[in-house]
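Here subunit A shows up in two complexes: once beside subunit B, once beside subunit C.
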Partner chain A sequence: MNLQGIFSMSRKDLTTLVIFSIVVLALPIWLQPFGAAYPDLMQRFAIFGILAIGFNILFGLTGYLSFGHAAFLGVGSYTAVWTFKLFSMNPIPALFFAVIMSGLFAFIIGFVSLRRSGIYFSILTLAFAQMSYNLAYSVLTPITNGETGLQLESSDPRIIDSMFVGEQAGLPVSNFFGLEMSGIPGFYFCAIFLIIGFFITQRIFASPFGMMLRGIKSNQTRMNYTGFNTRPYTLTAFVISGMYAGLAGGLMAVTDPLAGAERMQWTASGEIVLMTILGGVGTLLGPIVGAWLIKYFENIFSSFNENVLHNLFGFLPDGVESVVVEITSMFVGEGWHLTLGLVFVLVVTFLPGGIMEGYRRITAMFTGGGGDGKKANADDKQTQPAE
Partner chain B sequence: MTERNDGPSRRRVLKGAAAGLVTAGIAPTIITSRAYGQEYRNKPSGDTVTLGFNVPQTGPYADEGADELRAYELAVEHLNGEGDGGMLNTMQPSNLKGNGILGKKVAYVTGDTQTKSDAARASAKRMIEKDGALMITGGSSSGVAVAVQGLCQEMGTIFMAGLTHSNDTTGKDKRRYGFRHFFNAYMSGAALGPVLADEYGTERRAYHLTADYNWGWTQEESMKNATEALGWETVNTVKTPVGAGDFSQYITPVLNSGADVLILNHYGRDMVNSLTQAVQFGLRDKQVNGKDFQIVVPLFSRLMAQGAGDNIKGILGSTNWNWSLQDAGSQAFVKSFGAKYGFPPSMAAHTCYVQALLYADACERAGTFYPPDVIRALEGHKFDGMGNGPTEYRAEDHQCFKDVLVVRGNENPTSQFDLLNVVQQVPRSQVEYDASIFGGELGPYEVSM
Partner chain C sequence: MTTANENVVLHVADVHKTFGGLHALSDIDLQIEEGKTHAIIGPNGAGKSTLLNVVVGRLAPTRGAVVFDGQVLTGKQPHEINQVGVARVFQTPEIFPELSVLQNVMAPAFAKRDGAFKLNFLSSLADEKQIREEAEHMLEDIGLIHQKDMHAGSLSRGDKRRMELAMCLMQHPKLLLLDEPTAGMSRHDTNTTIELLKKIKERGMTKVIIEHDMHVVFSLADKISVLAGGRIIAEGTPEEVRNNPKVQEAYLGGAH
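Let's look at the complex of A and B:
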């Protein structure tokens, strides 16, 4: 495959990539009206976007449902923080090691888990993830600092940094050759990785390797009978998606140098599955949309308290207002899980293909069911083979 | 791979990338020009000042979190001159006038720490970056307190810790921007030690069950040091996961270990569960080494006592504050809290209420919200009338020094809240220690943004 081959992509893919890049880089502008245009949440949008598209390479293409992806996220975070502690506050080596370590980890877990498929595979990955969580939480406390989480300390060696920079007061901040990785610069740093990650996913989706993975999803036995050994392919997909998760974990540590064991808990793994299903399994953009939606709910809805609601519904007459506030307050604040659950149930019931299916239906409606609509439907069939 | 000819190649990709980079170049200037052109982060510009209350609303410490939030709402009312003023009337010295802080009305935003470091930092960041919170306060776990405190140091936002009892918060992990009013594990050990020797003698064999995180570790260490100094022997120390629910597998070995005292370094629902199960296993009815078996809970709170019901009767522990105290400050606080919510406050509520008032008072004394000046106003500040007697915010480690209460579960409660009897008010001099013994470094006053 030459360089020309890597970059030559279909017109549709290229348009998607360009529009996607613009949408991501313009997040600080168009999120303003939603009250979400603050650095921390946007960093999360980018990071969980990476996590979800990586997960989609495995689940969306091969149909293997991993319930243990949070383990790779955690491994990435711990590796990145240790790199900060031992070598340098520059994010590049941290991310490099994070991706390598999580890749290795994914190879080992995948090698064992992929001997089974379907529900058994899911249970195996869940078991491994829970094992990793318990290891990080209590057994490996010297490495992970247990529940308190691994943090930077001023007494860390930081071999490379200490050669160039003298002693500083307070804790160092991760910086990309002087550019601090918190706030808006941190977001753009993550956003660039999201766009690169998205581009690579596009290439995988369009490649013969991607076709092979889809073949495995639609009928693995048939693939085996035609003479393909499918396991190397599924293992590669598993490792790639583990590396995406490691990258996401590394970026989490870059923007906020702390690694906690709760990142590896099974609920975190479940969240990744939710993101993908909510957005649309097997579609390019769906998982990212799902990730953004869930993170938005988690951070914005959970922050609404009764004061906010009273302000929001202040225009209503008094009696009505208190009733409305009473009812809505069940769905915000601590109740944000309830809202998310409802949305999830509605999406899965009425739009089994996730939010992306809703989008396709709407475009089909506006184009009168012809032209683009038909094409979109064809795409739908292609990306959603029989389970 | 076969080469595709249908698509445009490098040129188009480069064009797209260029468009992206232009957006990337413009967007930050839009953001920075609006929000960051300030002398310090979140300088209040209107006629309100926003405080961020970061408390556990879900998870094992949710009860404490709910009570903390009640206390903060009460503190905001009092600071704004509503209600009966509470401790504003008893605090000495006080510069609070009941017209907000420095004439600005106090507003607040809330966040859920979930008692997870990640979630707590995320909600603190949200309150600082999005909601413009000038100060973050609250929390009911030392793991969270240490994590949020580190974040606040980076962001240059003052953190007034809520309920956190680990030595590390103002020891190994102390920060210039972090302040703790609550007492710590070392003080619990120093206060409990002599009382334990009086009650149970100096020849005891202790078995520790410890919550496996930052607070549990230092609590166990401090209790071990204090009891071994009395002549007690430590049979075993076992770490249990936080939120375990079922502790029977940890309690069974205690029966055959030859220990005659069980020290439960647990808090919140963990402590309720482990204590209840220990009592159900009949530990307290046993005789070991010719002595009655005893259970000690070094960190006690009324909320936990309520959860543990009858099992708490006669058990010794230490606490930062109890609503039954008779000084003017405590009574004023209990009165206004009771009037608003219909029940007495917990010690978590007390420490959070006091922290909010102390921050407001420090701003008034400094005459500005500028964090380094407020920090200097808090460091070494001596005050009284807030329920713990004369108290000092020690400048070296930002730890409050005051008397510690040794309490016992009430044998004959007169109401559902009358659960703890104060055995002894241990004077400050007995629990004081040198700031250098835990190490750590406060860091700079000024932080770059």
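Let's look at the complex of A and C:
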């Protein structure tokens, strides 16, 4: 494979990549007016963005809906923490092993699950993920540290680090050759992986391989009678998307070195599905938009409590106020999932293509129509309709 | 039955297929000669599509075997059967509705060039100039070039059929199986399709064609087998079949 081939991109893809990179790197600036420019949240933006675009390679291109992707996230986290404990606090080996392990794990789960399609495939992945979750809590406690979660300890060997630096007081922090992976540096570290991940996704979308995956989603029978062995294609997509999830899990551990089994729970898998559908299945940017919106509103809504609500509705007459607070409090704080559920129902009902479809409809309105969706622009892989 | 003939490229040998108690195919022995166009005709439910399904590996025969080009196809997977050079147009078009017409026609060329699986996710479709040009050429041939950027799903029924034929032709198969390739087409489109099929015959491609339209059958076929109730009741040149009283009774008489 020639290098030129790897880096030759359509002008449109290149523009998208450049703009996307600027938007991501400038998050600390443009999120300020939204009150969301703090490192912890921005790290989550980057990490869940990676998770969602990886998931979209499987679901968006092949149509196989995995309900167990959180398992790979968990495997990535555990592996990264173990790498910290055993070898080094440098994030690079931790991420490397996180991606490899989750890839292997995805290979095994995918190999079995992909024998079925449709709802049976989804159920199989869900079952595997729940099994992993339960194992992490029970039998695998020596590896996962059960309910407490896997944490760093000062007694960890850290073979490589101990060759270079002597005994330290307190727990070490993951650091990229001295640069601590928390706060803003931690965000930029994750952001770079998001951009790389996005670039690779663009390549996949624009490649013959990507077209084969779309072919599988569109008509698997035709693929078979056209001479394609579809199983290795779907398995590869499954493994790649599992590796993205592993990378995301690894990055979670890099920014906060601990791993718990709750990361593998089915609700976490469901959240990935929601992000992708909300943003726009099968589009390049949609899953990231979905991930960011969900993480942003989760942050806002879940921080609301009754006190905040009382202040907010303080202008209302007393009787009315308590009723309004009573009702709205169902949708905030712990009840934020209710809001999410409602929004999700609205989007799926009125905008089945997600937010990206809404965006397309609006731009079509302003550019004077033509957005009847009848044209499948062959050069424009990113605006393929979702279903 | 004739003894092994050097020119036979497809041999359906003593095939039976039952669905529960229904004998969809019985004692089918069919030899298709290389480069010839062999038509299979027969009334609805005669078992014609079932016969093709057995050949391409969609259905396993209850008994018997299919031999193509010296290889036993029975037991092979559909994609393996395609890879040895068998392509099929289905009775209800099997296309990629969500992909563009151009992509529909390009995809089969990748299977032909790269085999059943290739991990080529770092190259770009836009760099596949040769396959793209070949596909555009093919679309010009069948008159769909102006629709190349449309979703294949939004084509008319007849256009879908022609596109599916183009998809198969992109692979230059040794054997092309056509299940009613002109059904749902206008007279004009039917005639262009006949011309196209005549043209590929000159290139020596072997074809098996199932067709209800006698105009199509008699303008293309070198040989005709008549299927009724899962059995071959007559076989011969178009002239012989046309004059066969058994055929007239079982099929031609009923249809016209």
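The criterion applied here is as follows: the second predicted complex is superposed on the first by the 344 of 387 C-alpha atoms of A that agree within 3 Å, B and C clash if a C-alpha of one lies under 4 Å from a C-alpha of the other, contacts with A are read in each partner's own complex, and residues count from 1 in each chain.
Here is the rule we go by: a contact is a pair of C-beta atoms (placed from the backbone, for glycine too) under 8 Å apart; a residue touches a chain by one contact, two chains touch by 3 or more.
Treat the numbers as computed from the prediction; the structure is a model and nothing was measured.
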Which partner, subunit B or subunit C, touches more subunit A residues: B
Touching partner for A:39 - first (subunit B), second (subunit C), both, neither: first
Touched partner set for A:146, first subunit B, second subunit C, both or neither: first
First, second, both or neither for A:229, with subunit B first and subunit C second: second
Contacts of A:204 with subunit B and subunit C, given as first, second, both or neither: second
Subunit B versus subunit C as contact partner of A:324, first or second or both or neither: neither
Which of subunit B and subunit C A:348 touches, first, second, both or neither: neither
Which of subunit B and subunit C A:17 touches, first, second, both or neither: first
Partner chain(s) touched by A:214 [first = subunit B, second = subunit C, both, neither]: second
Touching partner for A:260 - first (subunit B), second (subunit C), both, neither: first
Subunit B and subunit C footprints on subunit A, overlapping residues: 1, 5, 8-10, 207-208
Partner subunit A, residues of subunit C touching it in the complex: 56, 58, 77-79, 82-83, 87-88, 90, 94-100, 102-103, 106-108, 110-112, 114-128, 148-152, 154, 167, 171
Subunit C-touching residues of subunit A, taken from the complex the two chains share: 1, 5-6, 8-10, 203-204, 206-212, 214-215, 217-219, 221-230, 232-233, 236, 374-379, 381, 384-385, 387
Subunit B-facing residues of subunit A, complex: 1-2, 4-5, 7-11, 13-14, 17-18, 21-22, 25-26, 28-29, 35-41, 44, 137-138, 141, 146-149, 151-152, 154, 169-171, 173, 182-185, 188, 191, 195, 207-208, 256, 258, 260, 262-263, 299, 302-303, 305, 333-334
Interfacial residue positions of subunit B with respect to subunit A in the complex: 1, 3-10, 12-13, 16-17, 19-20, 23-24, 27-28, 30-32, 57-58, 109-112, 116-119, 121-123, 125-127, 129-131, 142-143, 146-147, 150-151, 153-154, 173, 176, 212-214, 239, 241-242, 441, 443-444, 447
